[in-house]
């Protein structure tokens, strides 16, 4: 059976608008229609996970080679059975064995991760604190840059002091630095809050645009 | 301050949340129907993203990791569209990968549409490797062997003789790796794809956390949220299929502006309300005329002081 | 086109690929699969016979070995660089080179399909070709030249070569007159001729001691298959919960029915639609492809994005009900939040757009202030947090690796 593309588009638009309105209805109050669509969402999301894993990886990366005689792809598949032992109390420890080994792999990766992520952060914190003229390819350091760099280092050091829990912040200088660190942290949190507001609205704007566009297409011709 | 004014102000803190939701929807909707020309200044982080692409040699192949799904498409889709459009426009070749299930499929939809606009072909100008579940091991292995690690593209076709993949055998040789993420997957790229020039597009939520990497040079460019997308559209002179300037990012900026204004007004109103209520409570009993029941604190008004 | 592997193959990898891990014809492959299943069952049987302490020890050892793999892959020298210097006319020139393992190209490559002929479907396995170790480097002559002339303002000489079977290197320089072989000298160096005169090149090649690097790609493949099959865990769990509600006709059974409708619809249509790869979006579509489009574009996409969009309402509500400015810290946070909110949108940027960009007061433009807040104090503070978090996760990873962690999960009886 073949379906005309216009029909597919219309049906998709109607279903999508209904689904959007059903979820938005929870803003007014919790209701059965919202619950129903919430469950459909869980269903389609799980189903999509299966489809995408199969089509992107397990189909071409496991099943197809297996049928072509690449027998050894069965080995990781067999070990994945260990995940399912959690359903049996007797065998459940084998799932913990597998997860522990996967954690081990992750722990081995942390050496590389720590070195490549954190070391450039440390070297990036060595900033010039004295003005100088440009030398060759090294750009000049102006008084503005010096001021900026000082602010940067004061913030970094005081925030790190605030997060240093290895000893009590008893000495006055330490306590004050930590207090300054807390204030400066608030700047970062303020920036995060402002930025988060932007993020949340973007998602809502996208939905409203979708609704208006959808209505326009369906009723405006 | 006189009591009626205080009482009126204290009323600010008990507006029903459904009214607030309605105001939000109306405010966000207005700019979608009334178009006001708004000028946008691009941040240095956004300009750095464009420069990172512009500075590449002409034969460089870019890897685009689209790690977002419908949940964050409001921010990440405009970013991805703007970046892909610019890559097509400047005749850059790229490969798409994703570590979030929907990412590569949504990117493929965008690419199909933009490729028609720019007259590009799949397999020659771009390739989509699809989704892989295990991101750390996959990235580590891709660093020295892309075809051996990925094996097939999103359509299930083998990469054994795929020209773009055979040309970009290792991730290390990629001219630039642009990751557009709705999650915190950027950390994985910073850790395990170090050595490849990286640039990021991220949501507003994780934007401020990304700046340290920009300062240290680990990130060559950064797009933050819908604003980042709008700025990138602006500096790359994005035109949609109908020839209108600006894409989804630019279109959303009017609503975004009013939304931010609304939040600021509501914070001020909420605080004024609490302040007025406290002033009222501080006044000795009997010095005020009897109040109406509506003046009582609404249920569920939990305050969080930071 | 030759392959390019910057690292050596893993320990014994070539032997394994040649003798063990290669495709088998139908019946033999089936036999091998059954063999694997039998071995796996035997292994499980053996594991189950271990005592509680034995299980713990085996788990600790395997966890350690797993971590050791990536630790070794990172710490062992990969042998992909060479460095050295040349002395030419009494002056030193710096030499750096990349070393790669490249597949020796097939002398008789398969003919490309004729025009109009369908290309044959690519197999998922290809016989690996023998590899050789190649070197590409450059000798920086800038210090020798009085005036830099070549590109980038630097003058350099390209040197390439390959490793001989005995471990020595056959090098040649690529000058304007074509490749010229470098003659190995008795002291282990090479005689090199440049425009500035002749000299001697000494180089040190990083040892290719990384015996595990070549296994990274096969391991990633195995982990992707492992991770792929793990998804059915969530599927089984959800199906059990909703199956009980549905078949027990408990309250809310209609929601469970909706769950199965979404789940089965997506799986059936999604998998059935896979065979339609290159559909023309303007032509009539097969029913399953159309149904999948409705499930994906009509249900999954809007449901997920709207669920997240609800956060928009929540943040407005939260800002109004919970954001209270009572302390200096809260005030500071509010001010910064307001500036950042304004600086990111055109309406806010318009507030200070009257300050000319070239005036000294341009630093007070709201987008400039926003950018400074993000780039200086925010960056520094975020970095402070990052250092703490990174040190914490490093320490935790070490504890997990060495099985020192005793949490709710790790402390459970084995």
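Which chain is which? They are A, B and C, in the order written, and residues in each are numbered from 1.
Here is the rule we use: a residue touches a chain if its C-beta (ideal position, glycine included) is under 8 Å from a C-beta of that chain, and two chains touch if they have at least 3 such contacts.
The structure displayed is predicted, hence computed values, not measured ones.
In this assembly, B is the chain whose CA centroid lies farthest from the centroid of chain C. Chain A has the C-alpha centroid lying closest to the overall centroid of all protein C-alpha atoms shown. Averaged Cα coordinates give chain B a centre that lies 22 Å from the centre of chain C. Per-chain CA centroids place chain A at a distance of 16 Å from chain C.
Once the centre of each chain is set as its mean CA position, chain A and chain B turn out to be 11 Å apart.
Listed for chain A are residues 27, 48-49, 53, 55, 57, 59-61, 64, 105-106, 109, 112, 114, 117, 121, 186, 188-189, 191-192, 195-198, 200-201, 203-207, each touching two or more other chains.
Each of the following residues of chain C touches two or more other chains: 70, 73, 123-124, 221, 223-224, 226, 228, 230-231, 274, 296, 300-305, 307-309, 312-313, 315, 319, 329-330, 333-334, 338, 341, 344-345, 374, 378-379, 382-383, 386. For chain B, the set of residues touching two or more other chains reads 21, 24, 71-74, 102, 105, 132-133, 137, 140, 151-152, 156-158, 204, 207-209, 212, 215, 224-225, 227, 256, 259-260, 263, 306. Listed in rising order, the residues of chain B touching chain A in the complex are 18, 21, 24-25, 28-29, 32-33, 71-75, 77, 101-102, 104-105, 130-133, 136-137, 140, 151-152, 154, 156-158, 187, 190-192, 194-195, 203-205, 207-209, 212-213, 215-218, 224-227, 248, 251-252, 255-256, 259-260, 263, 306.
For chain B in complex with chain C, the touching residues are 13, 15, 17, 20-21, 24, 38-41, 43-45, 69-74, 102, 105, 132-134, 137-138, 140-142, 144-145, 148-149, 151-152, 155-161, 166-167, 169-170, 172-173, 204, 207-209, 211-212, 214-215, 224-225, 227, 253-254, 256-264, 266-267, 269-271, 274, 300-306.
Those residues of chain C that touch chain B in the complex are listed here as 1, 3-7, 70, 73, 121-124, 126, 213, 216-221, 223-224, 226-228, 230-231, 274, 277, 296, 300-305, 307-309, 312-313, 315-317, 319-327, 329-330, 333-334, 338, 341-342, 344-350, 353, 365, 367, 370-371, 374-375, 378-379, 382-383, 386. Taken in their complex, chain A has these residues touching chain B: 27-28, 48-49, 52-53, 55-57, 59-61, 64, 105-106, 109, 112-114, 116-117, 120-121, 123-124, 186, 188-189, 191-192, 195-209, 212. Within the complex, the chain A residues that touch chain C are 1-5, 7-8, 11-17, 19-20, 23-24, 26-27, 35-51, 53-55, 57-62, 64-66, 68-81, 83-84, 86-87, 90-91, 93-94, 96-97, 100-112, 114-115, 117-118, 121, 125, 148, 151-156, 159-160, 162-163, 181-198, 200-201, 203-207, 210.
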